[in-house]
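Written below as structure tokens is the structure these notes are about.
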Amino acid sequence: MSGDDRRPADAGWEAKVRDSFARQTFMRLIGANIAVLAPGYCEVELPFRRDLCQEDGFLHGGVVTAIAANAAGYAAFSLMPADSSVLGVEYKINLEAPVAADRLIASGAVVRAGRSLSIVEGDVRAARGGETVPIARLLATMMCMHGKAEAGHAHG
Amino acid sequence: MSGDDRRPADAGWEAKVRDSFARQTFMRLIGANIAVLAPGYCEVELPFRRDLCQEDGFLHGGVVTAIAANAAGYAAFSLMPADSSVLGVEYKINLEAPVAADRLIASGAVVRAGRSLSIVEGDVRAARGGETVPIARLLATMMCMHGKAEAGHAHG
Amino acid sequence: MSGDDRRPADAGWEAKVRDSFARQTFMRLIGANIAVLAPGYCEVELPFRRDLCQEDGFLHGGVVTAIAANAAGYAAFSLMPADSSVLGVEYKINLEAPVAADRLIASGAVVRAGRSLSIVEGDVRAARGGETVPIARLLATMMCMHGKAEAGHAHG
Amino acid sequence: MSGDDRRPADAGWEAKVRDSFARQTFMRLIGANIAVLAPGYCEVELPFRRDLCQEDGFLHGGVVTAIAANAAGYAAFSLMPADSSVLGVEYKINLEAPVAADRLIASGAVVRAGRSLSIVEGDVRAARGGETVPIARLLATMMCMHGKAEAGHAHG
């Protein structure tokens, strides 16, 4: 990504991203939080819970994907103009075999921020004790909906 | 898919799939159920709930993806041998703009069942009143882990 | 795809698509042709040639992907307004193990035609004698560049 | 990728990769070459030619994808055992708007080398004069076919 692309178009980018994330009831349900936020970059963390698992007691792939795509979406949103919202157009995720984890850390980093479309790459790591291992890679397309500020934000 | 591919390799395929789904605590958390199950085909339903939403009050893309990928995984698993488990290798999903929905219906249909890898296509529709509209398309790769029956199932 | 989506927005859609394809020198180089064309649907054919192969003498995956993505792009373009061009945003392809083939047939079918973005699915089959077998599946996002008619077409 | 993953399992990895690439008649047809090769990493270069273009005279997306996927495949193959071949399972590519280029440089880097499946990321840059700009990102799954050395290589 060129340096210019990384400059947020909205001075209020950080509050905008955090407000939007806070309105996502699904992130609250699964206990995910923004751990790191910077222009074009977002990290979402999620502690292990027994009610977030697949058939063998590991964190469900759907949970892994949800926080990876969310990190990617907010990485893209952080660079978008004030009067806009972000739409997840599509993403592809490669998952490794599930591992025991205390916590997941999903990061999204904007590769290219276009006027309309952004390309974002994502990475998910599983943390156990002091170590982390990579468990997933994401490649996503996010769209800027110009002139469509988020409803919640407009009233925020 | 050729006719042969659709013949389940495990006579106990249906119980195996339903048992596995029932052990997924994450599906229980979000209130998803298997609505239709046939060899090489699975439909997962999810009623709307306020705690499953994104920032504007629509069902979260992560929820849409989770049930689509799950339907795809169980469609593939239904055709796999008794002594095996299924691993989601990767998937790609195209999401349309979110719509108000009473309920989501995600289906997965096996396109090709190989010895090791299966290709599965998925579709998600949003239901409101008596009508449904398509909201997502999925293309996934699932892997058969031979000789690795699910832990839960072995004891089941 | 709803019926409405399949109505071409440009009365001259067929000439526009065929002219564009004819200007693609790469399709000429590999010997690919449009075999079937309808609103929202396109089929591209390619006869086997020894100079289009991978390491074991089968048609190269890059050739398979190129005609699949092209069929998808022109399927989308066929529904776009007169004063526009089509841009391939991204695609994902699943390839099966290569097979001997006299000819490949790649089809693209629009799943959803939005004002800006279209979702297109693709399928590639290998023909040998009178039979065909499926060898690849594609899921693609195409973008309509409004107000940017193709240079070649404008002069055509 | 962990350090261990990057150790080639075959002492003859470099000759094996170069021999395989040299047998790909399609790479010869389009004028692509291996520019850089290391364990788990491969760069493929392609000079501009008028017969490799799309409708507006830029290098065709199918050419971009073909060299990106090839670089990814050989990056993965470089780490595989002697008695094996590589199969491209699937890949997803994000393409930016086409730009004028003297030359393309596609790189593939192994993210994770498993016994059976490898995850590889790819990047394509367009070079013009002394500068390069990113034009595509790839995320791919490659499979190791154990016990199936390439036909050409076995006789080589």
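Labels A, B, C and D are assigned to the chains in the order they are written; within every chain, residues are numbered from 1.
Here, a residue touches a chain if its C-beta (ideal position, glycine included) is under 8 Å from a C-beta of that chain, and two chains touch if they have at least 3 such contacts.
Here the structure is a predicted model, which is why all the values come from computation and not from measurement.
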item: Pair joined by more contacting C-beta pairs (B-D or A-D); value: A-D
item: Approximate Å spacing (C-alpha centroids) for the pair chain A, chain D; value: 29
item: Distance between chain centroids, defined by C-alpha means - chain B, chain D (Å); value: 32
item: Residue numbers of chain A (touch at least two other chains); value: 89-90, 92, 94, 141
item: Arrangement of touching chains [line / ring / star / complete / other]; value: complete
item: Partner chain A, residues of chain B touching it in the complex; value: 20-21, 23-30, 50-57, 60-63, 65-67, 69-70, 85, 87-95, 97, 150-153
item: Of chain A, residues touching chain C in the complex; value: 89-90, 92, 116-117, 141, 143
item: Complex interface listing, chain C residues touching chain B; value: 92, 94, 96, 111-112, 114, 119, 121, 134, 137-139, 141
